[in-house]
C-alpha cells in the first residue's frame, strides 16, 4: 500500500469509528497511530503520538480556551448572560418568535466579550432554552437557535478562530478581528430573518401545539438599565482593553474572566463552593475540547505524512478548475470536513495548502480568512460531529434531549450560514472595509 | 533506476526564505546531481509549514524520525543546543549573514563540542541557516540611543537580552502579535528583522526604521535523521552533502542582498502611507554607547554553561575570532572580558 | 468500579483521581492570575513579567493531562450517538460490548502515551531542558513532564476500569 492509500483508508476508518460511537478523540488517535505505523513503523508512531500529547497543546493562544470557558460560566452564574437575554426579551416580546431573535442578539452582544463559541453555547443553553420552552417553543427549535447563534461567538471579536487563522496565514490578529464585525452583524440579521420565516411557514417546527400562556416578567426602565450595566462594563473592559492597548487578544480572555469574577462577587452570586464547581466544570469542558484538538493534530500529521493533502491540493487546486472553482471546492471541502473534525484541526489541515494557492489566485487574505472562518464554523452545527451541539447537550445535562433533535433544530441555521457565505463572496467589502480602514 | 521515498518537513512555511530554499536549492540540487548519474531518484513527500510538527519540536522530530529531513530551529533548543546560541549572546559582531554561516560551517568541522551537541541527537547536519540583520522599528522617530530610555519595545525571547542596560523595557511577543501590540500601544516598537517585518506589515504601524545594524544570528541547520542517512546509498549521500553546501552558500548570499532589497521595498510600499516609512541609520557613537551600556551577556552566557561543563568560553572566543578573521569588526570584543 | 477493586482501594483511587483534577482546577485559576499579573505589570511598570507566555502554554498541557481521568470518568468525551442509542435499546449486551472495546482502545492508547512519556521525562531531566531565556528567566520542564505523564497514566487506568465495567454489563446482560 502506498502512503496515500494508507491515508485514504485512514479517513474511511475514522468516519466509520465516529459513526459507530467511538469517542472521537480515541478514534483519531487509533487511526493515526495505525496509519503512521503502516507508513513508517510503530516506534515512530508511538513517538509521534507522545510528542503530540506533550507538545501540540503547548501554545500560548490555547490558554484562552479555559479562560473564555471560565468567563462564560462566571457570567452565567452571576446572571450577566441571563440579563443580556432579558433585555432583548423585553425589547422584542411583541415580535413574532421574539425570543428566538432575542437569543440571536443576546448572543451577538455576548460574542463581543467571549472568544469561543462553546462559551456562548453553554451560557444560552442554560438561559435561553428553558425560557423559550416555558413560552411554548419546541425544544428542537430552542436548542437549534442557541446552537446556531453560538457561532457568532467566534465571528464577532475577540475570536479564537480568527487568532488561529492569523497565526497560520501570517495576518495581523487585530485586522482579522475587525474583519469579523461586519460579517457577524450580517449573520445576526440573516439568522433573525430565518427565525421569522420559520415562524411564519413552519409553525410546528418552532412552537408546541397550544398558545403561549406563560407570563413575561415585567420590569421597569430602571431594571432594564441595571441589567444592561454589567454586560456593557464587560464589553468595555474586553474591547476597551484590547483596542486601548492595555492587553493583547490572548490576554483578553484572562482579563474578561477576571472581570466576570469581580461582577459575580459584587452581585454576591458566588460562594467558595460554587466557584470551585465552576472551575471543575471549566476543566472538564476544556479537556474535552483540547483533547479533541490534540487528537486531531495527530490525525492531521498522519495525513501530512501520507501525502494526502498534497494529492488533494494537486487534484483540486492545480487542475482545470480556475480561481473561483478553487474557492468553491475549498469551501466545500471545509464544510465536508466540518462534519467530521473540529474547527482548528480543519484549519491546521487545509490552510497550509490553501493559503499559497489563494495568494497566487490574488485573493484578499483577510477576506479569504473570513470566508474560511464562516465555513469552518458551519462544522459546529453539522452532524455527526458538531461541537456546539455537543456542548449544548452536555451543558443541558438532560437525558431526554437527543443530540439528533439539536442537529435538526440547527439545520436551518446551517442554511442561513450558507447564504451569508454567498453574500460575503459577492460583496467582499462587508469583511474588508473595516479591517482596511 | 531506484526510487527513494523521503519526507522533508519544517515548522515554518516556505515563504520563509531558508525554508523555501530547502525546496528550491537543497532538494533541486540533490535531484539535479542524482539525475546526472541516473541511478537513483528521490520521491519527496513535502510537509512544510508545521503540518508534521511545530516550532517547539524541530530537533526531536528529526532525531526521532518523525521526518527524514527537516529544518532544526536552534533558537528554541537552548537546552539541547547550548553552544549554537553563541551568536545571540554576542550582538553587534557582524552584519553579514554569509560570513557568519561560513564561520559556523568551519566551526562545525573544527570544534568537537559544537559538532557533538548536534550529532548526539541522532542526526547528520547538511546545511546551516541564519537570520538577516536586526534593527529597530518604532511608532515615533527615535532620537538616538538615549531616547530608548523608558520605551516599551517588543522583542521575542532571547533578544530581550539585547535591550538590557539601554533603559528600554522588553515586551515579550512573536512576529504575529507585534502588529497589534504596536497598533494598540502595548509596545512602542519592535526589535526585529526586515525579513519578518515586511510580510507581517509591521512597517504600517511602526514606520520609523532605525538602522542599528545589531547584527545577524545563527538560527539552525537543515539536518537528516541518522538512521535514514545510514540507509541511503553512498551516491545519494555524496549528492546531499554537496547540495547542503550549495544550500548554505546560496542562503547566506541571498540574505545579504535580500535584507537590503526588503528594506528598500518597505520604503517603496510605505511611501504613500502617513507617516511614510523612513530609514535613519544609527550613528556609530550611539551604537558604541548601546553596546557599552549592556552588561556582558556573552560572559553571563558562558559562565552559566561552563558551570554545567559546556566549553562555552572557548567556543565564544572561536566564534568571534572566526568573525574577525573574515574582516568583520565587532563593536565590542565580548571575549576580552570572558 | 465494583469489579477488580475492593472498597478501600476504590476509595483511595477515587481520591487520587479527584486530587489530580483538583490540581488541574487550581491551575486554571493560577493561569488567569499570572496572565492578569502580566497585564498589570506591563501597564504599571512598563515591562512584561518573565516566562508568562511559556508558562501559560505549559500550564495548559498540564490542565488537560491532570483532568483527563476525571473527564473520562464523567463520560464527557465527545462522541456521536447515531448508532449507540438505538443499539442500547435493541441489543444492550452488544452495546456494552462495543463500549468495552472502545474503552480498551482508549486505555491502550493513553497507556502507550504515558509509557512513552517516561522517555520524554528522562530526556528532559537528563538534558536539563528548560523554558524561557537564559539571562531573563528559566524554569526546568521535568516537573511538568512528570505531571503530564502521571495524568495520562491515570486516564489510562480510568479507561481500563470503564472497560471492566462495560464488560461486566455485557456478560451479565444488564446495565
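The first chain written gets the first letter, and so on, giving A, B and C; residue counts start at 1 in each chain.
Here is the rule we use: a residue touches a chain if its C-beta (ideal position, glycine included) is under 8 Å from a C-beta of that chain, and two chains touch if they have at least 3 such contacts.
Just so we're clear, the structure is a prediction, and the values are computed from it rather than from any experiment.
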| item | value |
| --- | --- |
| Result of counting contacting C-beta pairs for A-B and A-C, higher pair | A-C |
| Most centrally placed chain, judged by C-alpha centres | A |
| Longest centre-to-centre distance from subunit C, chain (CA-based) | B |
| Cα-centroid distance, subunit A relative to subunit B, in whole angstrom | 37 |
| Centre-of-Cα separation between subunit C and subunit A, whole angstrom | 24 |
| Per-residue multi-chain contacts in subunit C, two or more chains | 53 |
| Numbers and ranges of subunit B residues touching at least 2 other chains | 186 |
| Per-residue overlap in subunit A, given as positions that touch at least 2 other chains | 47, 51, 55, 58-59, 246-247 |
| Subunit A partner contacts - residues on subunit C that touch it in the complex | 21, 24-26, 28-29, 31-32, 35-36, 38-39, 43, 53-54, 56-61, 63-65, 67-68, 70-71, 74, 76-85, 98, 102, 105-106, 109, 112-113, 116-117, 119-120, 145, 148, 152 |
| Partner subunit B, residues of subunit C touching it in the complex | 42, 45-48, 52-53, 127-130, 133-136 |
| Footprint of subunit C on subunit B - complex, ascending | 78-80, 85, 89, 150, 152, 157-158, 160-161, 164, 169-172, 186, 297, 300-301, 304, 308 |
| Residue ranges of subunit B touching subunit A (in the complex, touch as defined) | 5, 7, 9, 13-15, 45-54, 56-57, 60-61, 64-66, 173, 175-177, 179-181, 183-186, 199-201 |
| Touching residues on subunit A, where the partner in the complex is subunit B | 3, 40, 43-44, 47-48, 51, 55-56, 58-59, 166-167, 170, 172-175, 242-250, 300-301, 304-305, 307, 309-310, 348-349, 352, 356 |
